[in-house]
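Two complexes are shown next, each including subunit A; its partner changes from subunit B in the first to subunit C in the second.
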Partner chain A sequence: MTPGTLSAQITDYANRADPYPLYAELRKQPVRREDDGTYLVSTYYEVRNLANDPRLSNDTRNRPPRYARTADAEDQGLPPSFIFTDPPVHDRLRDTINRPFGPPHSPSFLDGLRGELAKVVTELLDAFDGKDQVDIVEDFAYPLPVTAICKVLGVPREDEPRFHGWADALASSLDPRPGGGDGQEKGQRARQEMGAYLSDLIETKRRHPGPGMLSALAPDMTPADLEATAVLLLVAGHETTVNAITNTTLTLLRHPDVLERFQKEPDLAVPLIEEVLRFEPPVQFVPWTTALADIDVAGTTIPKGSPVWLMLAAANRDPKRFVDPDRFDPDRKDNEHLGFYTGIHYCFGAPLARIELHLAVPELFRRVTFSRLLEDPPPYRANAVLRGPRHLPVAIEGLTV
Partner chain B sequence: MRLVVDLNRCQGFAQCVFLAPDVFSLHGDEALLFSPRFDEAQRDRVEKAAAACPVQAILVDYSDEPTKGVEPHVG
Partner chain C sequence: MSADTDVEVLRREGRIVVVGASLAGLRAAETLREKGFTGSLTMIGDEPYEPYDRPPLSKQALLGRARPEDTTLPRRRDIDAEWSLGVAAESLDRDAKRVCLANGDTVPYDRLLITTGTRARPWIHPEEAALDGVFVLRTRDDSARLRRKLTGGVSRVLVIGAGFTGSEVASACRELGLEVTVAERGPAPLVGALGGVIGAVADRLQRRKGVDLRCGISVTALEGDYGGRLKRAHLSDGSAIDVDVAVVSLGAIRNTDWLAGSGLAAGPRGIACDAGCRVFDVNGIVTDDIYAAGDVARSPHPLFDYQFLSLEHWGNAVEQAEIAAHNMICAGPERRPHLWLPMFWSSQFGVNIKSVGVPPLGDQLVVAQGTLAEERFVAVYGYRGRVIAAASFDGAKWLGFYEQQIAAGALFPPDYRTVDLRTETLQPVDPAFPDPHLPTHGATVTLTGHSPSERRVQFVPSHG
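Right, the complex of A and B next:
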């Protein structure tokens, strides 16, 4: 393989359906310098150590100007959202945002949404009745997380058609090389439009508080910080869990032996979902970190100012950490996968994603009798970072109550 | 049914508290509290919490039940 081309191949759409051979190639050199000075880190322990290393920054304003920054950090009149900040700003923001969302202040907020979300799952599956073919993405995996994030934030579900397009454009702008450069521009425009929508909504919530995080956070955050947070959480809610649900369905239909067992042992759902998060993580890599100092990793020095990509999906299949890593094995013990990252930027929405997966996956496979995948591999979305099928057409034989 | 949490491994990700808030709780921002004994009604939630732990610090012990053996989650 030609040196210096692996990151280009990973972002190349032609490799979207199966990037794993490229990740295996990457792991031969745990810390790999690309021609433009970007470093790709792909082995488990090195990724985990760097994710916990305070010398690695998530604030792309620390990159020399010749490197791409995230659309988020561009001057939009808004501060970076907390995913693109470092301590102490990060910790202050995340603590505040966590207050209405999780422990110690709101330990039962998400747990209390289970009933409503279970109802959504039931309604989506009821609509399969009489069909012999469904698209798992459009008919199931996309509507559930969108409804969930709207409920969590307190965004009216009926406005969804308006922000659907914005969320897509923003997610593409996270991709390091989206469609010849206009992805960044589209992302910025989407962020502005979505920001304007959310800023109006936040102002309304400030005056007339209702259920959901936006109302709860309005008194404690500046309008700009809350707007940046709302954009981030709304996009994350749209573009990640959909892949987790779809990847689980795809992986099960590709492993009929596991599927057969799952139908007899519904308890298998819990370890099975964790194994999908290792095997096909919805966020494949984190390309927005920057070295704040010279960092020695596995015999290589990453110079200060270098962009660093942490390759989570490659680390999740590192044979030095996982036995037989390319095997999908729901019985895997000690599955400390990096599907939700690790360290201080561990996925904020992970508990919500898990609640959705725990509700959606067992019910989908209990009620629906699947016949087969209609396209394998399915068509993928362009994004290499938030990787997942655009559609997952499947033939079904029946639906039980 | 009993629970053991390896507090040397626990890093306060708090995923268990989200998934089983009646069994696990946080004291302050990071210190984990938990009920070492829990009843059947919590079993499903505790299983989910143990599986979700990013550092696999939660061990669920069913050895006091005649029907099911110990299932170590920590390898």
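Right, the complex of A and C next:
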């Protein structure tokens, strides 16, 4: 393999369906310097340690100007959302946002959404009736997370459809090298439209509080911070969950023995979903960290100022950490995967994602009798970071109540 | 018969007795079975309950968010043990290799594991300690009794000693809306474990949360009414306060009394054992059939000059128990050392406090991330130019990094840029630990000297 080209190959769309051989290649050199001075870290312990290392920054403004910075808020005159900040700003924002979202202040907020989300799942599956072919992405995985995020934020139901389009465009702008050349432009346009919509909504919520986080947070945050946060929650909470649901379906259909067992043992859902998060993580790598100091990792010094990519999907298949890592094994006992990252930037929405997955996946496989995948591999989205199928057409034989 | 066949026979049909049926005892028993021990296993515990978890007893259980009976520890696996609960071990006969119980029974062993832990240090005056309203907090029953009292209408609670347990009790009282006075002999809360610099932060935090905190003060007497109910506490500054509850939080006493006369190196500082958890006798000779783990054990640690460490930490109990269990049923070369890096956490007044390493060994301190003023920080302790410990307020996620710095013997003070670094260069200060010879509620890590085979170590009889 030619040196210096691995990151290009990973982002190359041709390798989207199966990037795992590239990750295996990467792991041969746990800390790898690319020609442009970017460092790729791909082995489990090194990724985990760096994600918890205070010498690594999530604020791309710490990069020398010659390197790419995130396409996040900056251009829109908004502050960076908390995923692209470091403490103390990060901690202050995240603490504030967590208050209406989770324990200790709001331990039952997410649980309270279960009923409505379960209803969405039921309606989506009811619509499968009479069909012999469905697209798991369009017909099932896609609508649920948008509804979930809208409920979390308190977006009125009638405005939900508008969020679908914005979410899609914004997600692709997180990609370091988007497939389509107009990805960034589309992302910015969506961002502007959504920003205008959200700032109106925030202003409305400030005057007439209702359910959801926007109302709860409006008194404690500047409109700009709140808007940046809402956009982040949508982007990070939407595409990732779609991919997680789709990846789970795809993986199960590729492993009929596990599928058969799952239909008899619904309790398998917990380890099975965690194993999918290891095996096909919805966020494949984190390309936006920067070294604040020289950092020695596995015998290599990452110089201060270097962009660092933490390759979660590669780490999740590190044979030094996981026995037989390329095997999908829902019986895996020791499964501390990095699917939700680790450290202070551990996925904020992980508890919501798990609720959505546990509402969607068991019900899908309980009610639907699958026949087969109609395309394997399915067509993928351009995004290498938030990697997942664009469509997942499957043949189905029946639907139970 | 070779030692190897001995081990094989032991694993197959040996008799292993675990004295102390709490966290360490349970995890050891599970490890024994997991590693293929098929002989007989006896669990002896002086409390009538199956092993339960203690950290919630001073937190969620006091607040009523968990019932004390819900603290039963989850089982990792079936351990197929003979349980002897509610009966204390009374003595150890090493010649006959048997444990004598309070009810007169004797239990023979081939391998013995001692995990008897600690008990709460009672109030110094027994007749005052017997007053209705005077509590200690260590067991499930203690927690249930205290909770009943706190929710039954009290005017003011006195917490004696501002170590971790005392501070957590004070925090729970404030959360329950109760008036609370904390009397601490030292200059600040948590001073024994984290030093005066961090203690000052805890001091400010407690006061801001409405605690009537009195440092440099000791309680001289607890006074009851004619009905034997606590009504007043007298303090060393000559003042008195009306209280109807006093929670005595003066640290722990190691449960080694029952080993008096056994010839084991067991005393008030715990039971000395080697890195493989094998217990020493008073001559500094290691036994090969008796092991210790958890709060009651103390063992040498290479990262801390091979000083003997005694740790009252949850995680240590788990890991040491696993190592002890492994070593009990292994031949020499397969044995493993217990090299756990001390780590503990506390949650009080809405703040998560966590520490790694041995802060009291530190001779210097820097605030590496965050600031003391914001009560959100990571403080790093240095000892002779090396990182020896770190403590955080609401910064626990960073401590894994500092743990590695300690293990690597990294240079102190740190000279690299990190996130949330508030000063250009870090100026080390004295962490302000009190003189270790002064009595206090104590640190959660106790340095108990070097090897017992050294002449300068003396063992004090448990009851003089």
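What we mean here is this: the second predicted complex is superposed on the first by the 390 of 401 C-alpha atoms of A that agree within 3 Å, B and C clash if a C-alpha of one lies under 4 Å from a C-alpha of the other, contacts with A are read in each partner's own complex, and residues count from 1 in each chain.
Assume a residue touches a chain if its C-beta (ideal position, glycine included) is under 8 Å from a C-beta of that chain, and two chains touch if they have at least 3 such contacts.
Everything numeric here is computed off the predicted structure, so don't read it as measured data.
When subunit B and subunit C are set side by side, the one touching more residues of subunit A is B. Of the two partner chains placed around the shared chain by superposition, neither subunit B nor subunit C is touched by A:A127. By the document's definition of touching, of the two partners only subunit C reaches A:S57; subunit B does not.
Applying the stated contact rule after C-alpha superposition, one finds that A:L110 touches subunit B and leaves subunit C untouched. Using the contact criterion defined above for the overlaid structures, shared-chain residue A:I396 touches neither subunit B nor subunit C, since it reaches no partner.
Legend: residue contacts after superposition of the two complexes on their common chain; A:A118 is shown touching neither subunit B nor subunit C.
Once both structures are placed on chain A, subunit A residues 346 are touched by subunit B and, in the other complex, by subunit C. Residue ranges of subunit C in contact with subunit A, taken from their complex: 368-370, 374, 376, 378, 394, 397-398, 400-401, 404, 416-420.
Remark: subunit B residues 13-15, 17-19, 21, 25-29, 47-48, 51-52, 54-56, 72-75 touch subunit A in the complex. Contacts from subunit A toward subunit C in the complex involve residues 49, 52-57, 86-88, 91, 292-294, 304, 343-344, 346. Considering their complex, residues 95, 102-104, 107-108, 110-111, 267, 270-271, 273-274, 333-336, 340, 342, 346, 350-351, 354-355, 358 of subunit A touch subunit B.
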